[in-house]
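Each chain gets a letter, A, B, C, D, E and F, in the order it is written, and its residues are counted from 1.
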Amino acid sequence: MKRIDAIIRPEKLQAVIKELRQINVSGFTVIPAQGRGQQKDLHGVYRGHTYDINLHSKIKLEIVVSNDFLQPTIQAIIGAAQTGRMGDGKIFVYDVEEAYNIRTGLVDETIDELNR
Amino acid sequence: MKRIDAIIRPEKLQAVIKELRQINVSGFTVIPAQGRGQQKDLHGVYRGHTYDINLHSKIKLEIVVSNDFLQPTIQAIIGAAQTGRMGDGKIFVYDVEEAYNIRTGLVDETIDELNR
Amino acid sequence: MKRIDAIIRPEKLQAVIKELRQINVSGFTVIPAQGRGQQKDLHGVYRGHTYDINLHSKIKLEIVVSNDFLQPTIQAIIGAAQTGRMGDGKIFVYDVEEAYNIRTGLVDETIDELNR
Amino acid sequence: MTTSVALNTIWVVLTAALVLFMEGGFSLLEAGLVRTKNAVNVTMKIFADLTFGALAFYLVGVHLLFGHDALHILGFGRVIGPSNLSLAAFTLFQIGFAIAATSIISGAVAERMKFSAYIVIVILTCSFIYPISSHWIWGSGGWLGRLGMEDFAGSTAIHTLGGFMALALAFVIGPRKNRFNADGSVNVFAPSNIPLASAGAFILWFGWFGFNAGSTLDAHSAVLGTIALNTFLAAAAGGASAIVVSVMKFRTADPSMTINGSLAGLVAITAGCAYVASWSAILIGLTAGALVIWATGWVDKLRVDDPVGAVAVHGVNGVFGTLAVGLFDEKQGLLTTGHVHLLLVQLLGTFIVALWGFVSAIGIGTLLKRTIGIRVSEDSEDEGMDIIAHGIPAYNELERFSEGSQIGFGYLDNMFMERQKDVQNSLDG
Amino acid sequence: MTTSVALNTIWVVLTAALVLFMEGGFSLLEAGLVRTKNAVNVTMKIFADLTFGALAFYLVGVHLLFGHDALHILGFGRVIGPSNLSLAAFTLFQIGFAIAATSIISGAVAERMKFSAYIVIVILTCSFIYPISSHWIWGSGGWLGRLGMEDFAGSTAIHTLGGFMALALAFVIGPRKNRFNADGSVNVFAPSNIPLASAGAFILWFGWFGFNAGSTLDAHSAVLGTIALNTFLAAAAGGASAIVVSVMKFRTADPSMTINGSLAGLVAITAGCAYVASWSAILIGLTAGALVIWATGWVDKLRVDDPVGAVAVHGVNGVFGTLAVGLFDEKQGLLTTGHVHLLLVQLLGTFIVALWGFVSAIGIGTLLKRTIGIRVSEDSEDEGMDIIAHGIPAYNELERFSEGSQIGFGYLDNMFMERQKDVQNSLDG
Amino acid sequence: MTTSVALNTIWVVLTAALVLFMEGGFSLLEAGLVRTKNAVNVTMKIFADLTFGALAFYLVGVHLLFGHDALHILGFGRVIGPSNLSLAAFTLFQIGFAIAATSIISGAVAERMKFSAYIVIVILTCSFIYPISSHWIWGSGGWLGRLGMEDFAGSTAIHTLGGFMALALAFVIGPRKNRFNADGSVNVFAPSNIPLASAGAFILWFGWFGFNAGSTLDAHSAVLGTIALNTFLAAAAGGASAIVVSVMKFRTADPSMTINGSLAGLVAITAGCAYVASWSAILIGLTAGALVIWATGWVDKLRVDDPVGAVAVHGVNGVFGTLAVGLFDEKQGLLTTGHVHLLLVQLLGTFIVALWGFVSAIGIGTLLKRTIGIRVSEDSEDEGMDIIAHGIPAYNELERFSEGSQIGFGYLDNMFMERQKDVQNSLDG
């Protein structure tokens, strides 16, 4: 079981969700974030002072999938979120040791809808 | 040392916090999130168009505990956050390699208040 | 490749970012959070009722770095975020299995600007 | 048109506009004090007042209030207004008063009342309940007016009535989920937006000049300036004493208590603004500002859940303000002249109207409970009424919506039936 | 100064203040209905109306409108105002009207129009387009006025004109990115802040008393009170029918439709407020409140993207309101008296003005497109206009700014040149 | 009551309501421009103006200002108002003026002043400082008035005074933590809510019609309409030139500068609105809108931290507006008639009042510093004053509160003592 952290552009969120549903990944968590990478600073002006906007709005998606689903999910995200310009974001993969479903109190059976 | 990610209903936050305190887990971080799983979409209407609200408000709790505290913490969360209806949430467990306390600059000694 | 989660005081964010840039760590993600640890509760009053503010505003920084950069990054954060008072925050370290760059669709080459 | 009528007409039109603008004040105040997930709903309730309530009063209520008197209890037929004033302007001003009374209720039942139930309450209040009791005081031949009751701009007619209806309905509908613990202790529900609430308070304060001074219905009134000054001084004094008391009691200058203190001063001076001296206005305001803090505690002790403090502000201070005329009236007040008669009449009047409001609201509330239902389901309450009843949350930062489908115009299509089922399902499980 | 002139002057100054306050209403309404990233920009457009627009009208437009008539088509020279009124007060009131017309446009082109292009549009609208067509109706000797057209406070002169200019410009500029899918279906863009939008609606409603009743320009007008009452009743009826229709069609009491229903009622009664009976005002309002919901659907079907519904509220209901005078006028209405002449004149008038607005806006829009450009770049649209054009987002919770550098005062220094390049770069890649 | 008195009285009551409504404008403007964590606090400071300030002026200040003259320096005893106007209405209007002066200060010391210290400042300003210097200009027999100083609605009496008191107190209290770097560069603190700030600006603009035109205190004034028009034109011109200058200097149409440009135009025309021609009003506005941008830079260079720009808007433009009368007065202006006398008197007057304000504010500030303290602790400043002084943050989205405990009513119980200790501890470590 792996956890995927995908940091994407906010305007790509719905496209990514659509793509995830298509490959039957139906569980994920979305967190608004701000990020910084190679994308250039924007500059703002307020009351006669410039300032750097050194953080850009991003969306972080957290998705736990079974090992089999790892590559398809990553490809789906890249497919939907890529624009080719600085700031498209990153995907990081972590190992998950256990998963529980709070509703049942048991080990989670819904990852990739294994029960299907 | 393990990290627990618990995604719960917002209205259960205070109950979970209470329960955590009871078992002496006093450190955690709370992040507002939106999620999607088996819980059905809500539908909204705006200006004559329906739209799916395909994300539900959730709270993500991040808790780092020592291995001994792992199971009690998980049980405490499930106990406090369960309603039995779709959308109760998930718990994921990860391995933590190191922990530092910024205040002291040293390896953290406060996990589960080990120093007690 | 490691992932660093640093939970810091909001007012220290810009100082930490500055420090990170100095050591050439240029990619990170920032998430507003609320946390609870050893820092005491604040008390509020609303309409004749006291209430505990048992969560304090924090900022969570997520930084993925190569193994070589791990210690310098941790030291940089501690250096910039420490005040010595309760509530300074924590740093947790996790293992990262893979990293992709959405813009290129390939394995990420920008961690610590390895390509430099 | 004579200059005198012209002058009165523009005066009343402008003050009526101020009174009607107060609805915006109610809306912002409530939207700021409830939780985020119900901010749209309270706003929509004010729109219900401005639409259904206003039409109900215009079509039915105004006749019961200002029609030809029958048995000193009820008016009927053609509206009788002041002779040297456009009847239309008079009617407009009275609409503003009627919907102010019903707006008081909206705050106390916030976050849990069905929108349909609220609309029924508004229509009944504006058609019957408010006009009838106000006829007693203000109608030509009304029995309380004949007894000599003095309620210049409606501490009793509007605020006592609205406040006690609010109390009754908040009682019938029950507290918000998790508001009270088993041991009677109170969970604090954080107000969503204090600057919005204070914007509402400023609009209310502004509109109140129209409310009180406009009630002269006559620009030539010799006390018009005094009324406006008294109104302001009572509000200032109410806010000041609320700040002082809240610092003393709570060690905090509580913003919602400060707002409610000012409003309490305004409510309390409403009956007497034309009859009392300015120093009395200050005393009335000071008392009201302290009273509202205690009254908020009493309401909590009754385990009645009033999210915005409507009962404490309007109900308790409506009563107090009415009695204060009996104490401070320049010509017949107990403290100013030693006469007790007026005070007794005031007591009778405000008691009767409080009772009338309370009992009829209990009646309506019980009836609604047995018929269309008065309270949303527990799941809807959790989810918040904004999305359930109005299709949209109040604040939308994240661009989170997926593709929409335009609803077929001209007929109720299948999708809607499905949608309803879905909502039902999502609520049920 | 005679009492009569004094009375008229304070009446017009106070109502002018109300009309100008409506700009605040437009601003909040739009800031609440657009997406967060453009909330500052719509606010700044209203400031453009209040500054550039007002000065353009004062320096140029008012003469074309109220100057000496030439060929029944245009005024020129000294402004001719009512005899028993301060000319300055008259001018102030007319400024409020002119910028109301242009404010209508701002909502329809929100979230994508260049700020510079908008300023050009405002200046041209206030200098020429609005004054010319309004001269036809209101100018001494204007040809539509001579035909007997009745447009008391400007359903046609202001709302039809503004609404059809809005339609044309929304069409020329094209929809917001991702608004329509290839199959014509609509993506819902969530409004950022409904309580803010409703605050705007309350201010507009409040100001409309000044708009309509102030248009008497005479405090002695016998119908002044009726105008105010009709205005209110139409708004109440518009909101009521919008709630009912939206519940029937959408199974939801849609807040934005409720707001627009009330505004539609106000727009529709604007032409006839002085000429129709109160029951007609209610009927007009009820119709307007339903019409605005259908009209919103029509605009969507045309694939014109109007973020706030300006075309449906002002354009469609401006036309309807003008025709409604032909139907309900107490003296010459088709339904009230059986005469058809007025209705035909109204139809001609509102059609001509709609055409004039539409065609000239298409012209200006096309011209802008070919010259300075009318639409921001795609990247700027993604980023939001607040940061791109105004340097700052609307809401800033996080203390996220880094050190700033003060801009050299007195000259344009290098840093700025660089900054521009940076912005350019960051936009380009 | 004669028609003339009636007309004057409703005029002054309505414009007083507008002036008092401006407090809401100040509150929203400041709440929008400060950081989120202090939005409640600035709102509460406006409530302090409206309560403690208003009462202080009513009980003490008004007598010093409009009482019987003593030595051309001070009034005492019964208030002398215009003969054909209700004295109560006059008093109400003057309260609005007094608290406007003190509200100017609130913005400049935002985010760091102790609430208790602010209340002391408000009371002293409304009781003594403002009434005394205003007596010189407006009191019967005041020495500046006798010299022929012209300050129609208070560019000097209110804005110069308030602006220079603001400067002094912002100087005494020191900048917000981290505002200035060691090298003098400025860190930008993002304004929390621009739409809220602009709502405040619209309310201020609206209220200013009451401020200036209401200052006639006489509805029969022949220049009343001109005053209103001049007021508007200067605001429009101020906003326009602020947009142009900010685009030229900063390559950005800065919303806060646009707002402040309009307000600067209003401040600058306040002295001369009754004395200058409309084209002069436009020139004055254009200058003010540019001046405010430069002045903002000067204040930064002085390392005085003025979060809302009060010194630049009110202080600098109060001085400029007063001098502008000397230049543009229709009868004695330097540019219009070649006479230099008035200009010199204006210069003297505004200089003296600026000095008076500055020196007395330095005095009060220093005194406060030595006694109850003027500034919150560093930890409180970090945490934000909303939670520390008022118990509640401005915006509460998350339902994050735990169980509350009702505070014992009727006595200060132990829990509170503990609570205070806790707060202390949490602040200390």
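What we mean here is this: a residue touches a chain if its C-beta (ideal position, glycine included) is under 8 Å from a C-beta of that chain, and two chains touch if they have at least 3 such contacts.
Note that the structure is a prediction, hence the values are computed from the model and not measured.
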| item | value |
| --- | --- |
| Graph separation of chain C and chain F (steps between touching chains) | 1 |
| Interface numbering overlap (same over half, different under half) for chain B and chain C | different |
| Selected interface, B-D versus A-F, where C-beta contact pairs are more numerous | B-D |
| Chain centre separation in whole Å, for chain B relative to chain A (CA means) | 18 |
| For chain E paired with chain F, centre-to-centre distance based on mean C-alpha positions, whole Å | 32 |
| Interface hub residues of chain B, defined as touching at least two other chains | 11, 17, 30-32, 34, 44-46, 48-51, 54-55, 85-86, 94-95 |
| Touching two or more other chains - residues of chain D | 3, 7, 14, 186, 188, 190-191, 193, 199, 203, 249-252, 254, 256, 297, 300, 391-392, 395, 397-407, 409, 419 |
| Residues on chain B engaged by chain C in the complex (per definition of touch) | 3, 17, 26-31, 62, 64, 94-103, 105, 108, 110 |
| Residue ranges of chain B in contact with chain D within the complex | 11, 34, 39-46, 48-55, 85-86 |
| Of all residues in chain A, those that touch chain F in their complex | 44-51 |
| Parts of chain E lying in touch with chain A, wherever the complex brings them together | 178, 382-383, 387, 391-392, 398, 400-407, 409, 415, 419, 422-423, 425-426, 429 |
| Sites on chain F touched by chain E in the complex | 3-4, 7, 11, 14, 18, 35-36, 181, 185-195, 198-199, 202-203, 205-206, 209-210, 213, 219-222, 224-226, 228-230, 232-233, 235-237, 239-240, 243, 248-256, 258-259, 262, 278, 282, 294, 297, 300, 395 |
